[in-house]
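Shared between the two complexes below is subunit A, which has subunit B as its partner in the first and subunit C in the second.
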Partner chain A sequence: MAEYLYNEEALENLRIKDTSVLDRLVDFESAREAHLKKEHAKKDKRMPLDEAIATFVKDGDVITDGGFSYVRTAHQAFYEIIRQGKKNLQMIGAPNTNQSFFITYGLVTHSHSSYTGAEMRGIDKVYDRALKAGRITILSEWSHGGVAQGFKAAQLGVPGLLSKQMLGSDLVRYNPYLKVIQNPLKAVKDPAVFVPALYPDVSIIHCHAADKYGNAYIYGPAVNDLAVAAAARKLIITAEEIVPENDIRYNKHGQIIPFFYADAVVEMPFGALPGSMPGCYYWPRQWWEKCMRFGGSSEENNRIFCDEWILGTKNQYEFIEKLGGARWIAEARRQTKAAEGDNEDIDFSYDEYTLTHDPGRYY
Partner chain B sequence: MLTKQVTKEELLIVTAARQIKNGDVVALGIGMPILAGAVAKNTHAPEAVLLMESGIVDFEPCVLPVNVADATCTRGYGYSVDLFSVFTTIAYAGYLDKAFLGVGQIDKYGNLNTSFLGTPPAAQRITAAGGAPEFYAYAKETILTMKGKGFVEKLPYMTSPGYLGGGDEREKSGRYTPGSGPSILITPKGIFKFHPETREMYLDALFPGVGVDEVRADIPWDLKIADPLGSFPVPQDEEIVFLRRLSPVSSFSNTTGKELVMAHIRKQMEEKATGR
Partner chain C sequence: MRDLNAPANPLETLAYIIAQQIEDHSVVYIGTGIPMVAGILAKKTHAPNITLVYESGGQDPIEGDMPWSVGCPMTWRKSPTIMEMSYSFAQCYNGYVDIGFLGFAQVDMYGNVNTHMIGKDYHQPKVRLTGSGGNNDLSSLTEKMVLVGLQTPDKFPEKVDFITSVGWLEGGDSRKEAGLIGNGPAAVISPWGVYDFHPASKRMRVKSLTPGVTFEIAQQLTGFELLRPEGEIPDTKLITPECLKIIRAQVDPRGVFTTMPAA
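Now for the complex of A and B:
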């Protein structure tokens, strides 16, 4: 394996002694090796979710969060990783909100931190508790722009990008991958941060539609996913529906992930649940409120919540049954259409979950 | 003519909205900024371009989002870019006029902490950086909003650098796009600005009914006060009408709605207590 000259101040600040744990994320040689070895032919790559996870996610892998926190994120695939008990995982993303589901079960042990929280619903107390208890180690601290740049460098096929991002921020002092250098072409002082290309081991990207080869279509913001698809050593596409290749070729004018990155294609209706899928279904807001408020209140409650919803369901259909079944589907579809102004009813009020009031429903 | 009194939250939102000029390209965040953006776009700044960090550009909020990639932002949005491009081809390239940032902790030169309330990694973690360092480094102007009392003498962690040690230190560092930096901080007690030379934060206006001592009580340094003090804007009917039409039917109505109701009740009780 190649050797790296990590930012020593950051290693010290983060108390990282054995740096080998950092290597895979920036190891271009092994990423290219993986890309060379994977199936290049245009073949039918469809398989069930459990098989895709068992085949392509290994203990110790660097995995990525996808979509944007709870929008078009492959949550149901994440839950399958948890059910299969994959261990010693590292997680990176911008945002990197969903690592706490894995941390709950001790599966993600190393974090490449960026944003962790649930916006209007507050800070991530599960992560905070795990940090204080030493159950998770921060390997690097990032801004969203920084992570995005690392993935983009990998997509562009360059060793890294020089940028002005994170300069002067303590993030640079807590990120072993970053180095501040002078712009070599400028006569005056012009510091820049070298952000290395980032190569996660495995990414799971949830899309609106895919063909059997892995050409995958996204509606709405792609966030980092086009870059991540190119950067990852292994890519699993989960899709709301599998469509004929023709459909992708001639009908869709959105953002497409090309098939040759994909190792597996999984038909996964409602694969973003409990998150939102733009144009398809809106998220169960009470579920997230319960997750943050009840689960956030103590480690025991967090475990009760996750056991019920993650280990207590086998797949997305059981998850939907718990949310309210067909009624939930209808409401979630109505809400997402309302959100985009595609139906007449834009009443978004709902019965909020609080610690003193459990509405007992998820729409 | 409006009969119901303008609430504290409404006045703060209108104050933030007035920072947006017609034609500005503005990066918003969840909570007050998006309300401010919606009010501005629908009143005095119809040609403003609203964008979210998630890459949704030129959207028209009619229902309030709870997430920066929320489906409610994809209503009639112009186009989307990836996260990388938000910070590079829009912000760094020079197309971003204003950015709104929420503040956890701030020092007198506008340096921000949103990461750890102490020395990491063992300290209490808050939400962390998100895209704040980029917006702060590249936007032509940044508008800060803070709910709590996060003024500190020395930050335990600097997530997003402001004017560093003050004076021309930010400009001289060569790190940030020229002219960038915070222009204003809006809190429930007042409006704060930064001195053009020393870059030290000073009190520019008091929230109606708040005294200077109440402001000073939250601030660990000897706060300078503008002379004469400025004032909060007087909300126009159209701004309040729009805001009330937007807020009650939103996905966000529960928190904000409750805050609005609570503020209203508190105010009534205060008025009762003072016999007005």
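Now for the complex of A and C:
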């Protein structure tokens, strides 16, 4: 007998025959087992990025997007996964925008879809093309809030929760994990959606500071990352800087991931590039415009763009050189401080990338 | 620098009409794009005391430049608190949010929204779009929803190709029957008209039209039969020169959100 009674209508609509592909994401028992077997002693977990990815990201894993699309997302670690060529990955997140870099290289083959795109910069044509070509299979359709509740349920330590989101929509007809049930305490009809706790295999969370044990500090929007950190079977922390434990204890109040969640700690200055990092650096906005507009225009151009920036750089320092080096760092820092109100207002105008105008600069 | 005196374009018109829906002192949930312009315009004009909420978790920022994204520092600039995403949406469920604004790729006669895919075959769409993001969450939970987008018969079909977010579902009491809360979509705003929903049938109805647009023109731009209100159809109040100048000089000086894309 199957272990899970998935939503039959959704299985049919999504044409999923072998449901074992769905199990890992909701397999609480194995997640708890993984958490029990983790290193619980306060030990130095620092290692280089390539070692952390090689050790903790395995073919077939369910990985997560992090931050908010291009805000405090562990992009540079994602690129290392691509360079190492992991296979047959599933991806979930709210948003799930960065799945497209993995889809481009055939690493992510299964999507738990919530939102893929870059807001006003346009729809994601890479995802569109991959779907039509059958290079990506959708396993479930979610709203942002639905994914957020699934991760939050895991962090809360409950099998799932009842939600008033997604009811009546096609999301519940295209998501095998969701079931519409009656609120058991209400005498009158009161439908609600059961959202199961979600347990991804591996998460990489980029933080502002971490000590060598894995206590990790986030400034700015945590989005879903505190919940994801608690849920994931394996957790890699990448951090802008490694600080003494006492710095976390005395100075870094607010959003902290506890050290015993972490499997690896990687010192990664500029690890969120090409995304922005609150308090540290603003976006190279033209990079994203070029990615969506030039890369979006054809599969060939998408490969040219990704090959140049992802495979064509060995690490974040080479990436920064391509963006404009120290000048880029200074501009990006100035912009982010002004945007956050920590400096005088500055002029945020910039030379936008369009298909007919490549300014050739990224600040 | 933008020409402050050129006639208003449809996006600026849209931003102004949306802003008019916002009452001072309210808590307003804002999606990306034109709703951002409208929220900030409202704050700089008739509703200086509103509080803006964004799904990345930012809320109640000190005004700054136009956010480049809903995750931009401008959405949480010196915020007293930044919410996790699940808590941010929960504020709609728990009744702290007065009004929300959503975009759409398609909206149907009952105000159901599609941001997933265009085409009849889910597995072979004509085009795959972004997916829900927070669209479904706000539609499911927010007390008053206003839907915002462009209007053509394809964008206003009788039935959307995929129900990302439930409006009035199949009309009548069907939204409530499905278990959803909130008052459902209050209005649909396009550059050509403002539409509401018939109180009983919940079918889309003309509320006011942009000057120069007749009921017949609005009907031609719609893929289903529009309901006609009783009596004269009022003109939508057009953007004032003063507000237009504020949009161009202060809210969106580089025209990122309010210049028409080149064809």
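Details
The rule is simple: the second predicted complex is superposed on the first by the 360 of 363 C-alpha atoms of A that agree within 3 Å, B and C clash if a C-alpha of one lies under 4 Å from a C-alpha of the other, contacts with A are read in each partner's own complex, and residues count from 1 in each chain.
One rule holds in what follows: a residue touches a chain if its C-beta (ideal position, glycine included) is under 8 Å from a C-beta of that chain, and two chains touch if they have at least 3 such contacts.
From a predicted model like this one, the values you see are computed outputs, not experimental measurements.
In the three-chain model built by superposing on subunit A, subunit B clashes with subunit C. In the overlay built on the shared chain, the residue A:Val188 is in contact with subunit B alone; subunit C does not reach it.
In the superposition on chain A, A:Ala231 makes contact with neither subunit B nor subunit C.
Shared-chain residue A:Val243: touches no atom of subunit B or subunit C.
Looking at the shared chain after the overlay, A:Gln165 reaches both subunit B and subunit C. By the touch criterion defined above, A:Ile81 lies against neither subunit B nor subunit C after alignment on the C-alpha atoms of chain A.
In the superposition on chain A, contact of A:Ile320 is made with neither subunit B nor subunit C. When the two complexes are laid over each other on chain A, subunit A has residues 13, 15, 67-71, 94-95, 113-117, 119-120, 123-124, 127-128, 131-132, 141-146, 148-149, 151-152, 164-171, 174, 189-191, 220-224, 226-227, 276, 278, 282, 285, 336, 339-341, 348-349 in contact with both subunit B and subunit C. Listing the residues of subunit C that touch subunit A in their complex gives 32-33, 55-58, 62, 64-66, 68-74, 76-78, 82, 84-86, 89, 93, 116, 122-125, 127-137, 140-141, 162-166, 169, 174-175, 177-181, 253-254, 256-257.
Of all the residues in subunit A, the ones that touch subunit B in their complex are 13-15, 67-72, 94-95, 113-117, 119-121, 123-124, 127-128, 131-132, 137-138, 141-146, 148-149, 151-152, 163-171, 174, 188-191, 220-227, 276, 278-279, 282, 285, 336, 338-341, 346-350, 352. Subunit B makes touch with subunit A in their complex at residues 30-31, 53-56, 62-64, 66-72, 74-76, 80, 82-84, 86-88, 92, 115, 120-122, 124-134, 137-138, 157-161, 164, 172-177, 248-255. Contact residues on subunit A toward subunit C in their complex (touch as defined above): 13, 15, 67-71, 94-96, 113-120, 123-124, 127-128, 131-132, 141-146, 148-149, 151-152, 164-171, 174, 180, 189-192, 220-224, 226-227, 276, 278, 282-283, 285, 336, 339-341, 345, 348-349.
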